[in-house]
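Following this line, the structures themselves.
Each of the next two complexes has subunit A plus one more chain, namely subunit B in the first and subunit C in the second.
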Partner chain A sequence: MDAPYIGRLLNILDYALSSLRRKLLKNFGVFTVFSVVIFLFSSFQLTSRALTEIARQTLTTAPDITVQQMSAGRQSSIPLAAKEQLAAIFGIKKIDARIWGYYFDESNGANYTVIGMDTMPDHAPGSPWPGLSEGRLPTAGETGKAVISAEMRRQLQLGERKFFSLFRPDLSLASFETVGIFSKDSDLVTADLILMTMGDARNLFAIPDGLATDLLVQVGNPLEIDTITGKIRDKLAGVRVITRAQIQKTYEVVFSWRSGLGTICLLTALVSFVILAWDKASGLSQSELREVGILKILGWQTGDIMLLRFFESATVALFAFLTGWLLAWVHVGYFAGALFRPIFLGWSVLRPDLAMVPPLVFSDVLLVFSISVLPYLCATAVPAWRAAVVRADSVL
Partner chain B sequence: MTAIRPAFWALLAFGSLLLLGGMLFTNIAERRSAQTQLISHGQRVVADLALSDLALTSEARYTRHPAITDAVVVGMDHPGGLDHFPSTLFFAPVR
Partner chain C sequence: MLLNSWAIALLVSAAAAFFLLGGAIRTAIRVLFSWAPEQDTAVQIALENETWLAALLVRYGMVLQLASLLLLVLAADSFSHILIGAMCATGAFVANDYGMPALIFKLFGVFFYGFWLVLHRLDIRSEFLPLTRIKFAYLLLLGPLLCADITLLVLYLINLKPDIITSCCGVVFAAGGAEDGNLLGPLPTPFVMLLFYSTAAALVLLALFLQRSNRTADPMGGMPVANFFFGTICLFFFILSLVVITVVISPYIYALPSHRCPFDFLRVEYYCVGYPIYLTLMLATFAGISCAATSFLQKLPGLAIPVCRFRQNCLRVFLLLLPVFLALVSWFPINYVVKGGE
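Then we have the complex of A and B:
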């Protein structure tokens, strides 16, 4: 590429920028609307990307296999006797029964997730379990002790008090003492959790002895998970077996689907903008036609005028793209996607303290660029060509 | 003295935006490393309590635990009841 060619391009760019400055108000309007459209697109995509990433990474330690009993297409309690049946399968390292369920608090409209476990997590003696910010875990055999999150303590309006009560199905009250508070750092998985012993959970939900909500199977060799899953299905009739891989896949599907549909909704905004850009570019005023005529008389070719219009559109598009895209990163990275949180989090009363820092993925950038900048450049190309082929003697 | 050409100012503005972006991503990278610590903390809690889902939204049981509750949720709460929660608006059927 020789110097005169670059000099010519720079001269046309200079002229394009001067032309943009002459129509500052109109171009600034287009720039602002375009930036907002790109900001919305990118924010939605980054929010979705961040949540998918958080789910994928956090749930890498989810149970190998979860076994649930199904009855008439719905989940029902599983007999503890199933544990003995599964214990015979070679490759299974450990089976834990668990009771868990939901408790709807009518006083504040919140849904709590109650988990009852017999085997509490191991931790070094003398030091607290790292998932807690204060207190301790209930110990086996204890009754009426629970661990809750800080957000739940606030919702229950406990203040400094330690005791709270929940209704059993027969509307009698079960009283619990808060012996520990989950750490804020684990809010993403514990924001609505009440952890208690299995006996307490059984008492709260009135689940008879000998039944549990599900069985958690730990497998010695992760490569054997699918084989063992098949064996479990053969041994227990009517069970649903969920593997860790399926759990992770669910989240990918959920968020990517949401992101896809959100993008389709936002496409309306983009199409409106492209129509606006087409309209602005094709509605040539008399002075613009005169300008083209004068340039042609001065020796500009049709290609030069096309290049001039392309530089004008590309300048607006690239500045709008960078501005909108960077603002989206600020929105998601620093304000946790405040505009789209209601869509992703819904009407929940208990909301985790969410910090989202999405990864920079090239395909995401390319996608936003392709569905915003390229349509804009195409929308302005045809009007630019129509303006460029105007005969000088017909407009002067 | 020759006047500075408009292309220079445009390239300068574009470069400044790129620089701003670079600074932003440097800070984002630091925040990501802080998030990695949070995630490893979350992994420990998930492993110890055998959790299967994120507590992002607790408005309905199938949004709280999309991974381990019934795959078909429409009509789950009430015969013919539509799935009306905002966070499930865009749920895809999991295959």
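Then we have the complex of A and C:
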């Protein structure tokens, strides 16, 4: 690249910037609408990215393999005897039984998830558990102790009180004392969760002895998970075996699908904007035509004027992109993606109160850039040419 | 899997490229039927103006193709989180029969668009516009190429099902060669590396020779045989480099002998080293082939000096980027041999 070539580009860029300043009002309209379109696209992408990250972080504590009994295509209770059958498989580190189910609270219309476990996977009894912001976990053998989320404490209107009651199926009351609160980081999965011992959960749901909802298997070597999954399927008839990787993929599929759906809906906004940009760029006023005429008389070539128009569009697009992206960042980071969160997480009474921190990923930037800026630049190509081939003698 | 942000971005780019090239092809047809540079009619003046538009549209089309090539690779990387069995972009590309062809069409499409722009650039340097008919006839060929590209892309995206199990790069590019789905058979490393470096050396020597002869010889006289060889070897070297990067170089980048993948080193974990590697390789190949392909244009009226200058620039770029590329890819094995690892 020789110096005159770069000098020519810089001069045209300089003229483009001064031209933008002169037509501030016209360009400000395009800039504002474009920023809003980019804000919407980026918000979707950043919310989806942040939620995927949260799911990934949260699921690191999930068990390697979950074993559920199926009956007539639906999940049923699994006999605890299955635990002994699985214990013989080489490579399994630990098997925990779990009772869990949903509890519908008629007083506020919320559905709670109740989980009963005697020991947490990867947790030595007595030591502090990282998933809690305060208190401790209920230990095996204790009765009437539970861990809930801060959101749940609000919903149950507990205030400073520690005790709450839930109805058994026969409408008698089971009383619980709050011994711990889940940390906010895991709100995606713990916002509606009540954790108690297995005995308490069995008592609350009236599940007979010798049965559990599912078995949680910890595997020593992560590379063996798929092999052990196959062995479990061979040993136990009619079970469903779910690995952590599958749960992770399901979350990603759901978020990617929802973000795709949102993007499709936003395409109408993009198309309208492209039409607006085309229209704005095509409608040349008499003074703009005169300007092109004068430039041509001064020796500007058609290519120079097309480059000038490109610099104008690119500058508007770049500023709109930065503004839209930053606004989306603030929207997701500080307001937890309030506009689009219901689309990703659903409309439940208990809303997870998430702290979303979208990481800056190059591919996200490129994705939003190519879905917004490139179509805009393409839309201004033909108007730029129309403006550039104006003959000086016809406008002056 | 059309309902995914990446798929939608790819389709939006494809649609935009389709409209841009459609506009350019409309001009191409008019030029082929009514181009008469010796006349001074209103139709001819309008056509001359339209050739500017066509060039602009193809230029935008090429930028879009480049962006969508990058998008396709990043999209495949993103799909790999969703597809069962896929751990990187390779798994996503081999998840159905259309992935690899779509990638190859996009990759070579960028080159073909670039050649059109080279023709256009040279054409407007001569007051006789001697290449106008040729470049617009060539533009008509880009239409079917783009249609094939878009069709493969749509077929790939439609047939991408998250519940179908695919393979990861460990299987697809495995050294064993016995398993199904292995894209590259067992290759004797010393032989491949010898071929790689000797081809590179031959290319550098040939480029130096062409640079010398192009500088000293009469611009009217090309060297058809030397140029043909140079262009063919450039293309061969491009394909050989892709194989060498995948099979020999990539395990050194990952510091894992069993990990052979041409996409993973685009990730941040490997400092995005793939981008400079592929960019220098593609630009050097493009410059080399452009230099060879334009040699026969020197005889056209008014093009002797512009073509001579253009070819000198191409050779300069080639001689600058090829060593950079070689240094980049050789750094990892040399680092391993000298320092004994990371």
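General observations
Criterion: the second predicted complex is superposed on the first by the 365 of 396 C-alpha atoms of A that agree within 3 Å, B and C clash if a C-alpha of one lies under 4 Å from a C-alpha of the other, contacts with A are read in each partner's own complex, and residues count from 1 in each chain.
Going forward, a residue touches a chain if its C-beta (ideal position, glycine included) is under 8 Å from a C-beta of that chain, and two chains touch if they have at least 3 such contacts.
Small disclaimer: the values here were computed from a predicted structure and weren't measured.
Once chain A of one complex is fitted onto chain A of the other, the partner contacts of A:Lys249 extend to both subunit B and subunit C.
More residues of subunit A are touched by B (comparison of subunit B with subunit C). Applying the stated contact rule after C-alpha superposition, one finds that A:Leu51 touches subunit B and leaves subunit C untouched.
In the superposition on chain A, no contact is made by A:Ala87 with either subunit B or subunit C.
When the two structures are aligned on the shared chain, A:Ala140 is found in touch with neither subunit B nor subunit C. In the superposition on chain A, A:Leu367 makes contact with subunit C only, while subunit B stays out of contact range. In the overlay built on the shared chain, the residue A:Pro342 is in contact with subunit B alone; subunit C does not reach it. In the superposed pair of complexes, A:Leu193 makes contact with subunit B only, with no contact to subunit C.
Comparing which residues of subunit A touch subunit B with which touch subunit C, the overlap comprises 246, 249, 253, 257, 260-261. Those residues of subunit A whose C-beta lies close enough to touch subunit B in the complex are 10, 13-14, 17-18, 21, 51, 54-55, 57-63, 66, 68, 73-75, 96, 98, 102, 110-113, 115, 117, 121-122, 129-131, 182-183, 185-193, 195, 214, 216, 242, 246-247, 249-251, 253-254, 257-258, 260-262, 315, 318-319, 322-323, 326, 329-330, 333, 342-350, 352, 354-355, 357, 359-360. Interface of subunit A with subunit C (complex): residues 44-45, 48, 246, 249, 252-253, 256-257, 259-261, 263-264, 267, 270, 302-303, 306, 362-363, 366-367, 370-371, 374-375, 377-378, 381-382, 384-385, 388-389. Listing the residues of subunit C that touch subunit A in their complex gives 2-9, 12-13, 16, 19-20, 23, 49, 52-53, 56-57, 60, 63-64, 67-68, 70-71, 74, 77-78, 81-82, 84, 162, 268, 272. Considering their complex, residues 5-7, 9-10, 13-14, 17-18, 20-21, 24-25, 28, 31-32, 34-35, 38-39, 41-61, 63-70, 72, 76, 85-92, 94 of subunit B touch subunit A.
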